[in-house]
Each structure stands twice: as structure tokens, then as C-alpha cells.
């Protein structure tokens, strides 16, 4: 038997050579891999003396300056600014995740228990925002919470004119919740849709009331969807830029805003890269955490692609 | 006074096309305490709707349901003193066997020690003592079925509702479970209401059977009576196997296709029919005997099928095919193509409304 | 005993399929999701110069939008990039799917990490990393740079539906084709690709939508004269907000709606 023949017998019909994926892998190495590598390398270099870019001189000062400030007189002190930015990013992403989950569970269950026609329409209604630019959606929510918008007008009429939502941390949060809500609804819905309502019927039959059914039967059953939703909201929220920029008014910087600043006006690429590396590390840490939680609570591997 | 009382229950569904389906059309029913009651019928006949209405998982449009003197149709499912064994078992996949059974007891705020005891007892009842810590997914279909049963029994319901609980099991397992269910019902004394579409299962298990069709009860009686005296052609055909032969009545008897004739005194005495016009005669296959002379029915043998305990002879009377089930041993078996006569056993032929 | 006569008035029984307050919360969420979009749509017909203050109904700002040469240029840039990114990312996604999915190899972990990276790593990180890389190797910022970057982060989106579809397929059609004498190339052309076609179209649509809506990557990689529409809108919002922003946003909303509805209709017809 020739060698070629043997080889053909190994694969199943329709199975194509893994070499086919090679161009994609090469392209992604250039388009994704190298930029990440460059980011890591740059984070250990000096900033350029003039203009943008870096000076090729190894110096871990960027990481040091995450915590330590060098005063003009040469003394050093603890710098809490970037820690605070990190903390804010975590806090806002966390609150966004919790708030979106609280609202997404009811609507996902509600859609999943409608009859088929209604369900399709409602599903389309929560999917549509996916197809709309985040920039436009952020702009839309900005117009709503603007001092001259409906919320501002109502507050003005009620005599709370001195309160402002726009350009406050609350505005950033509202924007994050608004933008990422569909990212939570859809994965929970796909779990809720698979929920066998006969389970709930069995629980009712055994004497459980509606809140008990919800807590002890429904929630554990849709847990994979909730975990997926947490990942899909928390990760992009952590790296979000537009909401704090357009709604927070620069007062509530998140990591992404500081990275953008250092590649823009501040012209400190190494520091921006160091923050990027930090953000990558935090994201991967969170991914590992959520995979661990997912495996623990559902016994299934959480997959991100 | 009956134990489970169902009075004038109606339930109408609207189909997506806008039509109306009477799932339950003025159904009244009295079930006695400790009875093994079977609701039988083809799918869509309303039997499951009635069961779910008793459970409280569906609300009838009108009518009254009471258990042990307490009206239950106006209280929610979780307060009713009845429990259900679901067709799909509906075991909670994220709980162990033990937790599944304990769930219903926790809802009643039963003390921890008592829960432990009653879970153990329920597991013993269904002979699955060692399975407490397993997950439902680690059990076979038959075991899951028993856990579903144990979960409902642990609640000590006044009425246990069983919604085609055995339909997912293979034949051999099903036979075993039928016997076990019957035994369990006798031991516990709990009233069982058992829904099935399998007439053999219904007959072997029920103290009484209600045959449903199109949202109505067509016949309610003991298995024996239903088998022997079906009220109409539907019941005769649905319960067991029956030859339905269209004949025409005369003063002396009934003329059958193929030139056969059954005289009045061969027909069950409780059957009434006119002296003229068309009439449907029902004869069970096992109620025939081969006639060496001229039989009441005359026809040509079309097929002879040996099934082990009997020989089934398909006979063509003109264009009507009848099946006679003859003993496979000790009698002569006719050949294909042979012209033979068949006689119904005395009083076994019945006339039925079509 | 006559329970039926002495029974109290029937209690209103709850619908067991509904959980308390879920309906209200759901309508609230839908309202929240759509009110900003409705507001933008409404204010696009504002005749005032200031976006947030309503004056009277007018199509003025649509007319301004249609005659704004900057918008036309930005739109044309966006479309060029999106078409390029869609074609390339779909192609890369299809070959990656064929090469990687029906075979499990240890070496594929690296490939998967690269493909999945844009879904996990914040876009701004990839954007500044790409910026730094392109500057280092002297790739000029502009349409080509943006198309390369868009293609890279669109690949996972184009791949998602294809992967889902491949997961549903069993071996039967491939075995049947082989049994009937088709060789590997024929199986690929006559069986695999036709079976994947709907998923490839979905993936391409998704890639197009992701690319045309992208702001952050384009923000860092657009050179002079190669501004995309989202970057241009962002600039408008930053400076003076006229209802032109609402008008152009409404047009994009409309476009998204049409794309979604047509993909639904396509799906329906396929069924």
C-alpha cells in the first residue's frame, strides 16, 4: 500500500488539511500577535524626547510610575492616581455587570416564555441594538441625560436644576449599562430558551411558590447564560472608552481613556503601553476566573469563541 | 361522596388559526378514595388537560374540582394536595436525587430530620436506596422514572397524578413498572389517576377506566366491562382489537357481506337494534371459531400468520377483511386461498353505534 | 357535602408562566433600549441649530447631511474599509474554519488564541499596539492600515456563525459524498461550502456591521483625509452638536434596521 493511500485513510471524508488555516494564522500573527508584542516591548522603553514614539533604551520606569510619582525636587512619593483609575474601571465594569444582569434575567425569561411569534419579534428587538454603532447609541443616551434633554428638563421642572447627570460618574454608568445591556440579555436568553418549563411546573406541583421556583429552579438552570453574559459585559466594559469620554466628561477616567491620552496629548507611549499590558493581564486574569467559576458551577467549559 | 370530584369542567383552546378546540367539553367524573383510576384516549382527547387541571398547571374555563371535600380549582398548584409524576419526569438536573425528593418537603417547611427520614423511606419505596447522592443524569431512564415517583410520593399526596409515566420506557421495563406501580398503589392506599394512550396498560392497571374522545368521556367502567361491552365503535376499536363489520338488519338477524348471516340469538342479549337498515357488528378476533360446516361468516383466507400463542387468520368477506385469532394448537389451521366459515362464540357478537 | 354551593368566590389564579413584575421590568428595559434611539430619530427633524432644543419640524439637516462633502468622503472611506475587511476577514475565517475545526490538533491552540484575541482584549489595546507597530515599520496611516486592522478583528466575528454551523453538521453528507465517489476537492466544493453558505453570509454580514461601526481602531489609525464616518461623527459630537449628528445617526439607524430585517427575512425564507 502506498504512503499516499494510507494518509487518505486516516482522515474522515470532508476533512480538510489543517494547512488551510495557515494564511489566517500568518495574517493574525501580523495583525494581532505582533502589535501585542510591540506593546509589551514598548512598555519597557523610554519615551521619545520629542514627539511621539519611543527611545530604544530599556527602562521599566513606566511600570514604576503606575504607583510612584517623581516630584520636581527629585523626591518620590506614592501616586494613587492610576490605582484610582484602575479601581474606577473595575468598579464601573462591576456595577455595569450587576445592573445589566439584574435587568436582563427578567426580560430574558419573559421573552423565552412568550409564544413563538411574539418571541421572534422581541428577540429581534433586543438584537437590533447589536447592529447599531456603539458611538450612536452612546450619543443617544447622552442626548437623553443631557441637561437640555428630557431628563434634565424634568429635573429642572421639579426644581432640581442644580443636579446634573451628564459629565458625572453616574452618566458613565448609565451609558455603560445602556450600551452593554444587549450583551447580557442575549446569552441569558439563549439559556432561558433552553429552559424546560416542565421543570418549573414540577416545582409548582411540589409546592414551590413563584419566587422559590425562580430562585431554586430557574436561576440555576440559566446559570451558564448568566456566566457568559458576565464575561461578555465585564470584559468590554473594562476596556471601554467612549462612555467615560462622552458622558463622564473626562472626570471619570477609565483605563482606556488614560491609554488614549498617553497616545495623544500626553505623548507618553511607553506608559500607555504599560497600561495596555496591565489591561491585557487583568482581562486574561478575569477570563481565567470566569472559566474557573463556569467550570465549577456548570461543569462546562466557558468558551469565548 | 366521592374523593376526587370533577364537575362540568370545560376548557377551550384557541388555535393559532383562530379556531376553537374543546379540550374538555363539560366533563364530570367521580373518583373513589384509594382507586386506581385510568384516563385513556388517543392524543389530543383531553385526558392530559384534565390531569393538568387537577394538578393546577392549567386552569379550566369553568367547572369545579374538589379533593376530599375541599374545592381545589380555585387554589394555585403549589397549594393543592395532589402531586404529579410527569411524562418527562422533570427531575431537576442541578440537584441530587436526595435534593430532588427533599425539594417538595422543604416547601412544606418539614423539619430536617423528618425530611431525611421521608426521603429515605421514599427511596426505599421505589427500591433505589443507594442512589441518594447521584445526579439525575447518572441514572437510567427507569431509575429516573422511579425517582420522579418517589419525589411525588414523599409529599404524601391525597391524589397522585401520573401523566403517561411509562411511555418512555422499553416494553420489558414498562411491564415491570406496571406491576410495581399497582403494588405501590395498593400498599400506600393513595388514589392514583393515571393517564395513558396505551389501552393494554390501561386495562392491566386500572380499577376503572374513563375513555376520552374529543374532550368528552365516551365510556367509564371497569376494564372488563369496557372490553366486553364497548358503547360504540370507537371504544370497541380503541380497546383491544375488534372486527367492525357493516351489515344490514332484518327481523331475524343481520346480513353480512359475503353472504353471511348472524341470527338474533347469537348476538349479545343486551344489544338493541332495529329490524331494518344498516348496523355495525363488532366481533373480537378471539371470539371466532372455525366452522367445518356452513359458518355465519363466509370468506376466503387471505393470510395466515403464526404469532406463537395463536394463529391469526385474515379472511376476506367480499371486500371486508376480518381477523380471527385461533388457537395455534389442537385445531385445524386453514390454508391461504381456502374458503372457510367462521362462527362467533355465543353472545360474543355485538352491535355498536358507529 | 356541597362544596360547589358554599365555595367562596374563585380566587384569581396567577399565570404560572409569568414571574411577578417580570413583564413590567421587560417593558421598562425595552423602553430604555429604544427611547434614546427614538429621541435621536425625532430630533433629526429639528430645524434648530442646537441639537437638544426643539424648534420646528424640518428636513433641513438631512439636506445638510446629503450635501456635506466631508460626510460623503467619510462615508466612502468607511464603505471601502468595510468591504475590504468583510471580504478578507470572511476569506480568512472560512479557510481557518476548514483547516482547524474538523480536526483537533494541539498546535491549533495558538491559532485559536490569535483568532479569539480581538474578542477578549480591549480594542484600544490592539489599536494602539497596531499604531505603534505600523509606525515602527513605516506603514502609513490611512485606508490600507485601517483595512488590515479591521480585517484582523473581524475574523472572529465572521468565524462565529461558520463554527456554529460546522458544529451542527454530522459526518453523514461527507461520507455519502465520498461513498458516491467525490474526492476531497469535490467534497469541499459541492458539499462543504454549500452547506456552510448561509453561515458564511451571516458571518460576512456581521463582519461588515462590525467594521462599518468601528470607532476606536479607526480613530487611531486614520491618517489625514482618511477619516471614517464614526470618527467624523465623534468629531462633530465633540465640537458643536447640531442636529446634523442626529440626521446622520438616524440614517445609520435606518441602515442597521434594514440590514437586520433583511437578514431575518433571508433566514425565514431559508426555513
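Chains here go by letter, A, B and C, matching the order in which they are written, and residues are numbered from 1 within each.
By definition in this document, a residue touches a chain if its C-beta (ideal position, glycine included) is under 8 Å from a C-beta of that chain, and two chains touch if they have at least 3 such contacts.
Nothing here was measured: the structure is a model prediction, and the numbers come from that model.
Asker: If every chain is a node and each touching pair gets an edge, what shape is that graph: line, ring, star, complete or other?
Answerer: Topology of touching chains reads as complete, every chain touching all others.
Asker: So which has more C-beta pairs touching, A-C or B-C?
Answerer: Of the two interfaces, B-C and A-C, more C-beta pairs touch across A-C.
Asker: Please report how many Å separate the Cα centroid of chain B from that of chain C, as a whole number.
Answerer: 55
Asker: Where the centres are mean C-alpha positions, what is the separation of chain A from chain C, in Å?
Answerer: 16
Asker: Specify, in ascending order, the residues of chain C that touch 2 or more different other chains.
Answerer: Within chain C, the residues that touch at least two other chains are 14, 16.
Asker: On chain A, where are the residues touching two or more other chains?
Answerer: Those would be 201, 204.
Asker: Give the residues of chain B touching no fewer than two other chains, as numbers and ranges.
Answerer: 56-57, 76-77
Asker: Name, in rising order, each residue of chain C that touches chain A in their complex.
Answerer: 14, 16-23, 25-26, 28-30, 32-37, 39-40, 43, 50-53, 92-93, 95-96, 98-100, 102-103, 105, 107-108, 110-112, 114-126, 128-133, 135-136, 148-149, 151-153, 155-156, 159-160, 163, 171, 173-175, 177-178, 184, 187-188, 191-192, 209, 212-213, 215-216, 220, 230, 233-234, 237, 245-246, 249, 252-253, 256-257, 259-261, 264
Asker: Taking the complex as given, what residues does chain A use to touch chain C?
Answerer: Checking each residue of chain A against chain C gives 11-25, 27-36, 38-39, 42, 52-54, 103-104, 106-107, 109-111, 113, 122, 124-129, 131-137, 139-144, 146, 148-150, 178, 181-182, 185, 197, 200-201, 204, 210-211, 213-214, 218, 235-236, 238-242, 246, 255-256, 259-260, 263, 269, 272-273, 276, 279-280, 283-284, 287, 304-305.
Asker: Hey, which residues of chain C end up touching chain B in the complex?
Answerer: 1, 3-4, 7-8, 10-11, 13-14, 16
Asker: Write out the stretch or stretches of chain B touching chain A in their complex.
Answerer: Contacts found on chain B: 55-57, 76-79, 83-84, 86, 88, 90-94, 103-104, 107-108, 151-152, 155.
Asker: Spell out the residues on chain A that touch chain B in their complex, using ranges where they run on.
Answerer: 196, 198-199, 201-209, 212, 216-217, 220-221
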